[in-house]
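In order of appearance the chains are A, B, C and D, and numbering begins at 1 in each one.
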Amino acid sequence: MSPLEMPTASWIVLAVVQALLMLFLAPLATGFSRVIRAKMHSRQGPGVLQDYRDIAKLLRRQSVAPANAGMIFWMTPWVLVVTMLLIGMALPTVTQVSPFPISGDLITDIYLLAIFRFFFALAGIDSNSMFAGIGSSRELTLGILVEPILILAIVVVALVVGTTDLGYISHALANNSWHRPLTIILAGIVCAFALFIEMGKLPFDSAEAEQELQEGPVTEYSGSALAMVKLGLGLKQLVVVQLFLAIFIPWGKASSLTAGALISATIILLVKLFIVFLIAGLIENSMARVRFTKIHRTIFPAFLVAVLALIFLILGW
Amino acid sequence: MKGIKQLVGTAHTQTVPVVLPPNSQKLKDALLKEIRRSAYVYRVDCGGCNACEIEIFAATTPIFDTERFGIKIVASPRHADILLYTGSVTRAMRAPALRAYEAAPDPKIVISYGACGCDGGIFHDLYCVWGGTDKIVPVDVYIPGCPPTPAATIYGFAVALGLLDQKLKSKQHQPEAQKAQLKHTNIPLDIKV
Amino acid sequence: MFKLIKTVFNTGSVTTKYPFAPMSVSEDFRGKPELDAAQCLSCGACTRACPANALIMETDEKAGTRRWELSTARCIFCGRCEEVCPTHAIKLTQNFELAVTNKADLYEHAVFSLADCSQCQRPFVAQKLLEYVLDTLAQSGVPAAQLSERRKQLQTCPACRRANNMLDSDNISHLRFIKEQQ
Amino acid sequence: MTNNTSEQFHSQPQAGRIGKNYVDGVNHFFPSAIIDEEWQTENQVTITVKMTSLVEVMKWLYYDQGGWLTVSFGNDERSLNGHFAVYHVLSMEGEVKSFVTVKILVDAQSQEFISITPTIPAAVWGEREVRDMYGLRPVGLPDERRLVLPDDWPEDLHPLRKDAMDYRQRPQPTTETETYQFDNQLGNDSNRIVPVGPLHITSDEPGHFRLFVDGEDIVDADYRMFYVHRGMEKLAETRMGYHEVAQLTDRVCGICGFTHSVGYSNTIENALSVDVPFRAKMIRTVLLEVERLHSHLLNIGLSSHFVGFDTGFMQFFRVREKTMELAELLTGARKTYGMNLIGGVRRDFLKEQRVKGIAMVREVRQKFSELVEVLLATPNINSRTQGIGILSKQVARDYSPVGPLIRASGFKRDVRIVHGQSLEAYGSVPIELQSMEDGDVYSRVMVRVREVFESLNVIEYGLDHLPAGAILTESFDYKPNKFALGFTEAPRGENIHWSMTGDNQKLFRWRCRAATYANWPTLRYMLRGNTVADAPLIIGSLDPCYSCTDRVTIVDTKKQRSKTVPYKAIEQYSIDRKHSPFKL
């Protein structure tokens, strides 16, 4: 169907179900990375469902906030979750075609991620605790470093395929041959690197570091607001990984809405997610953090590689 | 004889602890049911010799690993369900300790950790110490020990969360039963010192 | 990085099964002190040796009792009381699971009765302490005659004894030592 | 040194009299300076000096004779000789290794004494503490602030005076908020710096830092310690007998408690010249090394945590648990060993304890060496630790810090080797001094790593060659008003104890100076020139005895605004090194 007119009812249902499923699976993803960390520390570690228990408990706790926390402080948890759900609805995770294209082609996804980051930082500053202020400034600077790489990589792929609609891109990359292999591979590597940082994983751990690191802007939240923010962060990790999978590893997706195809596609998707989170966990736990001055040195070459991909695109390789 | 029960009677040696709202006990029991499998602990150091902090640290390390019970040490009182007070409250640390108590969301469980926390330990009657956490905040669970071993810490958390019931009961001995036996009665006299 | 993964891999999970399996503690671990009330003479040696005032002894002349109290809250588990106790009444167990919800459970009490002086009927020593001294004297081979005289002397309080020594000169016991030294 | 002064001193006849040349030197250069000379042990002498010549004598002993100022403290001797007294203890580490204590008598009415801080900066904290505790005013001491007593302590009450107050009296708090003023030595003092930032509710703050910064680099740093001051010295004089103080000193610091306990017992044993049986000395040496083991493992774990390598932190703590088990096996408790009495030890090492102990030591050595390779092979560890927080030799010489901190700056200062003969059984134990040259965070960590291997060897040797014999001697009697020094090498450096026996079966005065007490003043110079991102790493490398110094206030001298930043935030900032927290 052409991306402009309203999709049929069944597609909308799939999109909503897909987004809610992702929201439901987010604590599983963060719980899984906590288990990997525990195993790397050679200790028994919590169960995979620990994050569910944490969020369930936090939802029922009293939400205390600093006296002079502004309106943004209270609004941010909802903004975080909603933006991620919007991206989730548009992602062609299990179907070849994006189930709800209106809410998210490439450009809107990048901007939704930017809104997520902007509100997250704003909440930190608005809760005017020094602590959260640092986390926000950290988040924004990370944004400046990472976003150009992400945009460049995805735009390169969009130019290769000729459209910015996620569904078409993953369909094109899955079925017909890659007539510009080198560009896509380079863009894939750079996009993986950028999304690894976006996931907030060590060694580029940023504001929403999870264990006893100060959790940046999340410091001032408590009770149900904290639960929403944790959900938002977990959902962001899941959505970001699926954005990468949808574009660069699109194989094994259902072509039509039949139950059998959907189920097989979901299983393949879960296996892919498992592998990606396992690798991310291993990398995260065996590196010391990169120094501030070194941050430029490590992230900037990724930007150069992205430019290289653009050049290969122009040259047509 | 060191039998002086309360040491110096004058009022100025005591601080007055924070008073609990009336229905707080009901709230706490409700809280206990919720945080049974996922408790966030915040450590408040009121001026101890930091042996207790190291033992709490040791409780989170691979060998004793409190995270397997869902107990996680968080970095801000905002997130905390359980406040873990160590150290006999020194004068300089009383104000920050009270600030931490107010910052934690209600209802909260307060655990007093180590001999210094429970009743002031070896510094209980010093001029620069208020002696024990229950002098400044209402305490729910006491974990004695100097310092309590990580196993005792885990046991303390289990008692706090209601997973295990406490073993120690106050005891009233009945000494009048019989006379004290002499020791080593069968040793011949001359070699007995 | 791979060396780390190799080390982590062959160490596996080292977490103990503690709350679900008993914790093995070294055999002379210093846990909670335990009083064997039968053996205790309420002599107060442990209260003097305790650095943290966890052991307290209060004598109440009017009621003729002496109250012993152990505060596990303040106890620092150093084991000095076990060392100074003459009859090994108080010993440190290996019990470290001492967390309690109400503070009263951390305190142990024992009440001992005091012995009255045979002359002025005022309590002056712990009953069991007096009996223990007399048993030791008996066990250490003091002849019966001297023992009964010793018993009479020991059952009078020091004030009465001073008065007795001042008044009846023939019963002054120190003569005995002078004779033996010649 | 021509020795023309006649030998009429009334001190006990000492065989060796090590350090006699220093006393003769002082007599030679400052003829009428020494009023009285008294020998406590063969290498400890106390010279009472006139107030007027104090500074020259100290300067000569400190700078010309290679002395290091270890501790300065006061004593209320009005009941003994009608005066207050201030002692400055010097550990002479020139060609003759001994201890010289310079004592001056302070008049009870004027209550003023000449401060030596302008010439020897190391005495700054000692003299500030004397002013807090005794109310004696040091003339010429630049720093007027209160060091030890909390802010809500009444102005005129000086706890350690004999007649001041009962040790249980607790005066009503005078203020509810903190009133400590921070000074900025290097920044321009014209702008008054007001802490604007909201008071973050981190509760445990055993130490409060204030970094004066210019953009990213630290211009100067000031800090407020002693939030955990409990007043132990008053307790030791009033309620406790000699043996109970041995238990109290076990709880001076949660990590190196046993070194304090051994230090204290040595003071009484030296004062009353008690000869401790050799088996007890070897047991004490083994346990001192066990404590160094777990403390160094703790610090190496923390350093890898500050670098952001949490897996390493957890792995080091896993190995550390084995050392705690070793301690529990040998002494019955994981942390507070409580083994010391005056005259020896109260618990023996049985055969199977020693066998199991040696097996544990070997296991720890194997695991530890494995982990050290992993730590050094972790990417960007070196870049994070080399070249930061350098302690220059000149600052080290002035402020006489101790322990791995100074050994990493090239100075060969380790009590176990320098004064090894008179310290427990270190004379007959294979040990050699570890030191590195460039004095940055990396070399401190490496010195600690090597010292762990050193300790493992000593423990294994000690458990193997435990000499036979008694473990406690009680054949001595307490003589009043005898005093002496006791010193041990704690994991963080040299602990110095000084105590004087009283006349009522209680101590007259007990002074304890923990190692970190000497290291804190140098921190200001180590922080200078580094970025604030490195601050927690540098503070961590100093291995502060207080578990966490918790709050840092960033003061931007240019914009005249400051922000109180909780330590954890700085710690995280240093860990992942992004955007410094100066968005004022």
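In this section, a contact is a pair of C-beta atoms (placed from the backbone, for glycine too) under 8 Å apart; a residue touches a chain by one contact, two chains touch by 3 or more.
Note that this is a predicted model, so its numbers are computed, not measured.
The fewest steps needed to get from chain B to chain C, moving only between touching chains, is 1. Taking each chain's centre as the mean of its CA atoms, A is the chain most distant from chain D.
In terms of C-beta pairs in contact, the better-connected of the chain pairs A-B and C-D is A-B.
Here the spacing of chain A and chain B, counted between their Cα centres, is 43 Å.
Here the CA centre of chain C is 38 Å from the CA centre of chain D. The mean-CA centres of chain B and chain D are about 29 angstrom from one another, to the nearest whole unit.
Chain A and chain C have centres, each the mean of its CA atoms, that are 68 Å apart. Multi-chain contact residues of chain C (touching two or more other chains) are listed as 1, 4, 8, 11, 13-15, 25, 50-51, 53, 76-78. Residue positions 61-65, 68, 75-76, 103, 121-122, 125, 146, 149 of chain B are each in touch with at least two other chains. Within chain D, the positions touching two or more other chains are listed as 239, 247-248, 251, 311, 314-315, 318, 336, 378-379, 568. Under the stated contact rule, the graph of chain-to-chain touches is complete, every pair of chains being in contact.
Those residues of chain A lying in contact with chain C across their complex are 39-45, 282, 286-287. Chain contact summary for the complex, chain A toward chain B: residues 34, 38, 41-46, 50, 53-54, 56-57, 60-64, 131, 211-215, 219-223, 226.
Looking at the complex, you find that chain B touches chain C at residues 1-5, 62-65, 68, 115, 118-122, 124-125, 132, 134, 139-146, 148-149, 151-152, 154-156, 158-160, 163-164, 166-183, 185, 189. Within the complex formed with chain A, the chain D residues making contact are 197-198, 200, 304, 307-311, 314-315, 318, 378-381, 383-384, 531, 533, 563-566, 568-569, 571-573, 575-581, 583. Note for the complex: chain D touches chain C at residues 239-240, 243-244, 247-248, 250-251, 311-312, 315, 318, 325, 328-329, 332-333, 336, 338, 346-347, 370-371, 373-374, 377-379.
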